[in-house]
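After this come two complexes, each holding subunit A, first together with subunit B and then together with subunit C.
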Partner chain A sequence: MVHLGAMQKIKPPQRIFRDDEEVDYVIVGVGSAGGVLLQRLARAGFKVLGMEAGKFWDTERDWVSDEAGSHQLYWNDLRITGGEHPLALGSNNSGKGVGGGSVHWAAFTPRFHPSDFEVYTRDGVGADWPLSYEELEPYYELLEQEIPVAGPAWYPWGKPHGHPYAPHPMGGVGDVLIKGCTKLGIPVSAGGPVAILSASRGNRPHCIYRGFCIQACKVGAKASTLITHVPDALEHGAEVRDRSMVARISMRPDGRTDGVVYIDRDGRERFQRARAVIVSGYAIETPRLLLNSACPGHEHGLANSSGTLGKYLMAQAGNVVLGRFDELIRMYKAPPAHALTEEFYETDPKRDFARGFAIQTVGPLPIAFSKQMMAAKGLWGWSMRREMMEYNHWAALGLLGEILPWADNRVELAAERDQYGLRVAKVTFRLRDNDKKLIEFGKNKVMEVMHAAGAVEVVQESRYAHLVGAARMGKDPSTSVCDKFGRTWDIPNLFVMDGSVMPTQGSANPGLTIQALAARTADYLITQGDAIFNSASRDMTPPPVCRSLSPPDTFTSGAPHLR
Partner chain B sequence: MTSDFLYRLDTSPRALVKLLPQVVRPPADVALQHIQSGTFQRSMSLLVMGTSAVSGLEVAYEHYRGSYSNPIMYTPVILSGVLSIAGAAAFFSRRMARTFLRYTSFLTVVDGLIGFGFHIRGVQRKPGGWRLPITNIVMGPPIFAPLLFGTSAYLGILASYLQREEDFGQQKIKLESAGNGLHKTDWREDIRTGRFQKHLCVVTAVGTLCSGGEAFYSHYKDNFKYRVQWSPLIVTPLLAGAALGAFASETCANTLLPLAAGAAILNGVAGTFYHVRGILSRPGGKKKPLYNTLYGPPIFAPLLFSAAGMLGMLAYLMRRERR
Partner chain C sequence: MSTERKPVTDPRTGEPLPQRAQPGYYSGFKTLSQQAFWDQATRDVVLRRVEYVPPIRFFNEQEAATMLAVVDRILPQEDRLPSTRIPLLPGLDERLFENRLEGYRYEDMPPDQEAYRIAARAFEAMAQELHGQSFHLLPTLQQEEILQSIHDGKPLAASQLWNRMNVERFWMLLVSDCCAAYYSHPWAWDEIGYGGPAYPRAYMRLTEGEPEPWEKGEQRYQWSPPADTLSGAAQPPAKGSAHQSHPGQAGTH
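For the complex of A and B:
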């Protein structure tokens, strides 16, 4: 029996496909997108296999409520980072193991705004999405109900909507954000939107506010696809093959893929036949796998005839502003994610940059806090120790600022190889003028809020959060990797579906949007049926929204809210 | 001398009403007569309408906080709305009082009992369950709340058996015939004639203990940060004790009971003031009114404590059962 949270247990001896048995879909990476795809396709009756490089977690045995002990949740294999503003890789912007990054996300789940889907049209920067907000909206609603999302019943930003679960009570940091914002007349959302249960549902207990969200929630209150979608997928005949690293996607001479070559848990190279392949490895591993799969006819990597594969990688500005208060804050209590404002989200003609940012609560635990103190104040040694004793008096607010997609912010292959002998990813990143102005303005605004809340000392650390892009979707095969359903332009039975398909990123955390896009693609695949496996024709009609494929308990609970 | 004076001091409602100033004496006298003859169905129905609306609001937002994670959590919200309507209908129609109000009230009491079961189960489902009773009662679903929710339904049941105001002096019920063996008096007969003091005393004691229990663990959850948070816990044993004492002794019913009940009512009113102040002093204050009401001190809870006091006061005004 494998524990999934405090109350849920599943029996892992699941269906196991033989290597020579042709499955319908192989999904590479069982994370936010992969978990949802796996569940949908399994329910629809497809033979579906999820390959996951990390392990299938037993939450009681593998996870610890300890900051230092949670590093195995990240992708710690070798990666090379560089450029003028190099990104820190291998921690909160990566994931390994079933559930992927959703295991350790803070679970903020704001939707993107309608404007995010037409950034180029509105502001002349970035790119437009090949789909509109309205096309994705029903999937936002559906996933918010499935996960489910806790938050106010009326949420004013973007397209106003509400949330199916009640907002959470405030922790000390949320109180700081609310005090600061209300003092400055800035509207603020209390208690969500966050994919953490504010009341129990089925075999998942509600949040107990112990604060170890991003160390993986042992309680099972925080949603991850490991506990929300994967159990249902297994029940409906899917297989999750964990500790299996896909090395390359195999191509047939006729330009279609016929499966994946992977390295199993014992280090043997094996081949799994499949009628179609979906790559859900997130913004670094997805382009890396496609690049590593280069073969005759696809010398620059699979699905790269446009030359855009690996390009337009985006991170969000994630500056952390820390404020010291005379009174106790105790920011380790309550989920890090529990209040935010999107008042500065949209382009404001009064400012000298396009797009905007959000301000969110952050609740670093002591190790993260000490790193921030080191970066923000240059503390070391005894001065660090003294500041650490003040930990309970500090509050941390995060900027979440939109950085635009630029072609030379990209993922390439480095010369170095990892433990499987595969070339590792090299990530290059540089900020442009618009990004720098946005960060400067946003950072100052967060500091203003912190001061307004009564902080006696305010410092900040520059950092980045989230990674999306690098295999973007688009309307034009010459400037994008895949179409609006994630189907690659070059190979009719190869799909990309995860954060890497996003053309722009808004200043919303990407998790919910990734899952919504995955559910939509699943509906598309189900509607298309065998055409995916046999035909090269591309049907671009949006699929009808399928509500009958949701996990159990989806529609039996939830409070009244604005739809 | 003093003891003799005290002994002769009559504090029964009938005696006290005579001490009222001339201006207010006649209406108070009429009200008391109606109460003591059990002819106050209309007024009681209005009371049911009001209390049910309040407890409906409270359960609506408390269950909203629980995200209506179980569909059964909608039932008390719906039932209290229906009960409120039933109270209004009973004000206008005798038939409605005897049918609609009565059945809705019984249904609501049953719902309260079922809710009590669910709340017990909720505590049990928390990590550690009943092996960690203190933590899980404090942090789990409010265990006595469903029983207190039944208070207005209980009043509804009482109302449905009362006589109407216009029946006063009609002598529709001839209790004198009761003794002749042809007609057996039961509790309904007592209610109809305003003779249910002892019965009401028991209910008052139970309600007070439940409400005081709620106050205890809620204020405990707040670490008794303010000294005034102890006050309902001081009044609780006084009122519960007085109510039980009044069950046994008429003297107690005429002395301690009204004092304790009055204290509970005042305590609830003061508590409401403090709770409102608590809500306003939360971060964001009145700029986040709904959120702060949701997570601030429960705005209606002190009124539930007042309601227990009100039951006690009503008991004081009633006549005692014959047996």
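For the complex of A and C:
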């Protein structure tokens, strides 16, 4: 029996496809997007196999309530990072193992705003999406029910909506955010939106406020596709092949893929036949795999006739603002994610930059906090020891700022190779003028909130959060990698579906939007049926929204207050 | 043998303060006393950290002597009774021996193993060049002058060795590794009043800084760092330094 949270147990064995058995879909990466795709396609009756480089977790045996002991959750294999403003990777933004990043996300689940889908039209910067907010909205509503989302009954920003589960009680940091914002007349959403259960559902218990969300939720209260979608996928005949690293996508002479070459858990190279392949490896591994799959006829990587593969990589500004208070806070309690404001999300003509930012609660545990003190205050030695004794007097707020997509913020292949002999990713990142102005304004606003809350000392560290882009969707095959369903322009039975398809990123955490996009693509694939496997014709009609493929318990509890 | 290190003092009298089994303002708070309320996997991981000190396998004898003296200044523990000091070097050595990575390397840095080998040689070379003596035998102030110059990104000596990497990034790697070793230890949690593991029992007092029934309130006392230290005051990084452009490494939101 495998434990998935405190109450849910599932029984192996599961279905196992033979190597020479042609499956309908191989999904590379069982994370936020891959988990949802796997579940939908399995329910619809397809033969579907998820390849995952990391392991299938047993949450009781493998996960711990311990900061240093959670190192294995992250993508720790070598990558090279550089450029003028290099991004930290690993534990900062990259998961490994079934559930992927949804295992270690803080689980903030704001939707993108309608303006996010037409940034270029409105502001003349960035790019427009090939779909509108209205096209994605039904999938936001569906996923908010499925995972489900706790938050206020009235959420005022973007397109106003409500949440199916009740908001969470405040922790010390949420109190700080509310106090500071209220002093300054800034509205705050308290208790969500987060994909953390405020009441139990089915075989998942409610949150116990232990504060280890980003070290993976042993409780099973925080949503990850490992516990929300993968069990239902297995129940409906999907296979998850864990500890299997896909090395390259195999191409036939006729320009279609026929499967993937992968390294299995015993280190053997194997080939899995498939009628179509969906790459869901997130913004570094997805372009890396497509680049590493270069072959005759695709010398610059697969799906790269536009030359945009690997480009337009985005991270959000994630500066952490730390405030010390005379009174005790104890920020290690409660989920790090429990209150936020999107009051500064939209472009404001009174400011000298396009787009905006959010302010969110964060709750660093001692090791993360000590590194923040090193970066923000230059502490070491006795000054570090002394400041750490004040840990319980500090509160932390996060800026989440939109950084625009730029072509030369990118993923390429480095000369170095990993333990499988595959070339590793090289990531290059540099801020531009608009990004710098936005970060400066946003950081100062968060510091102002911290002061208004009564902090006696306020410092900050620069940081970047999340990774999206690098295989972007678009309307024009000459400037994008895939269409609005993630179907690559160049190879009719090869799809990309994960955060890498995003043309812009707003200042909302990307997890919910990734899952909503995946559910929509699943509906498209189901509607298209065998045409994906046999035809190169491209039907751009949006599929009907299918509400009959949701996991059990989706509609038995939790009702959104607003539609 | 390392030289005598000065004690922390009472700022009102300037008198030395006695060493404590548990420094910090939460006297009597013991996270380990709550281990019966932790889950098995967490208990195994935390107890191994307390009970098992891995052998030194990555650094050679000379490098280990230097690096032990370095980490003792990065996170000094002379306020603790020798029996309750938290070993820092073995955890770092184990990480390097097993080549456990953080998932990335900066393009202006050599691999972690190489960076630490260079640094161990460089600290010793600096000591010999500046003072004609081994780093681990220098008095506190001279050791800390050397460390301070690495913090500032302006090595006082051994520039040929330090030229092989981004010095400020190495400093942050070193301090991060030391902090990860120290603040992952339950004795450090007791020192700072951090509640530690809380599954399956949960936390229930979420606001106003209220302690759980098994936690303690603060009992503050005054103390000053030893008179001969350079590390007693905050050193805000200069604008434009690598400290400012070095992004936060841990996921937060």
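As a convention for this text, the second predicted complex is superposed on the first by the 561 of 563 C-alpha atoms of A that agree within 3 Å, B and C clash if a C-alpha of one lies under 4 Å from a C-alpha of the other, contacts with A are read in each partner's own complex, and residues count from 1 in each chain.
Everything below uses one rule, namely that contacts are C-beta pairs under 8 Å (C-beta built on N, C-alpha and C of every residue); 3 or more make two chains touch, one makes a residue touch a chain.
The structure displayed is predicted, hence computed values, not measured ones.
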- Would you mind checking whether subunit B and subunit C clash or fit side by side on subunit A after the superposition? fit
- Message: Touch test for A:Arg79: subunit B only (first), subunit C only (second), both, or neither?
- Response: second
- Message: Between subunit B and subunit C, which one contacts more residues of subunit A in the superposed model?
- Response: C
- Which of the two partners, first being subunit B and second being subunit C, lies in contact with A:Ala199: first, second, both, or neither? first
- Note on the structure: To the nearest 10 degrees, subunit B and subunit C lie apart, as seen from the C-alpha centre of subunit A, by 90
- So, does A:Gly558 touch the first partner subunit B, the second partner subunit C, both, or neither? first
- Query: Looking at the overlay, does A:Lys179 come into contact with subunit B only (first), subunit C only (second), both, or neither?
  - Reply: first
- Message: Touch test for A:Gln8: subunit B only (first), subunit C only (second), both, or neither?
- Response: neither
- Message: For A:Pro169, using the defined touch cut-off, is the partner it touches subunit B, subunit C, both, or neither? Pick first, second, both or neither.
- Response: both
- Item | Least Cα gap, in Å, left between subunit B and subunit C after the two complexes are fitted on chain A | 6
- Show which residues of subunit A both subunit B and subunit C reach, each in its own complex. 6, 169-170, 175, 208
- Note on the structure: Counting only contacts in the complex, subunit B reaches subunit A at residues 63-71, 125-127, 139, 283-285, 287-288, 291, 294-295
- Could you pull out which subunit A residues touch subunit C in their complex? 6, 60-69, 71, 74-82, 84-94, 104, 106, 108, 169-172, 175, 208-212, 214, 218-219, 318, 320, 327-330, 332-334, 336-337, 360-368, 370-372, 374-375, 377-389, 391-392, 396, 398, 400, 426-427, 461-465, 509
- Note on the structure: Counting only contacts in the complex, subunit A reaches subunit B at residues 6, 148, 150, 152-153, 164-167, 169-170, 174-176, 178-179, 181-182, 188, 190-191, 197-201, 205-206, 208, 556-560
- Taking the complex as given, what residues does subunit C use to touch subunit A? 8, 23-25, 38-42, 45-46, 49, 73-76, 79, 100-108, 144, 147, 151, 172, 175-176, 179-180, 182-184, 188-189, 191-211, 218, 225-226, 229-237, 243-253
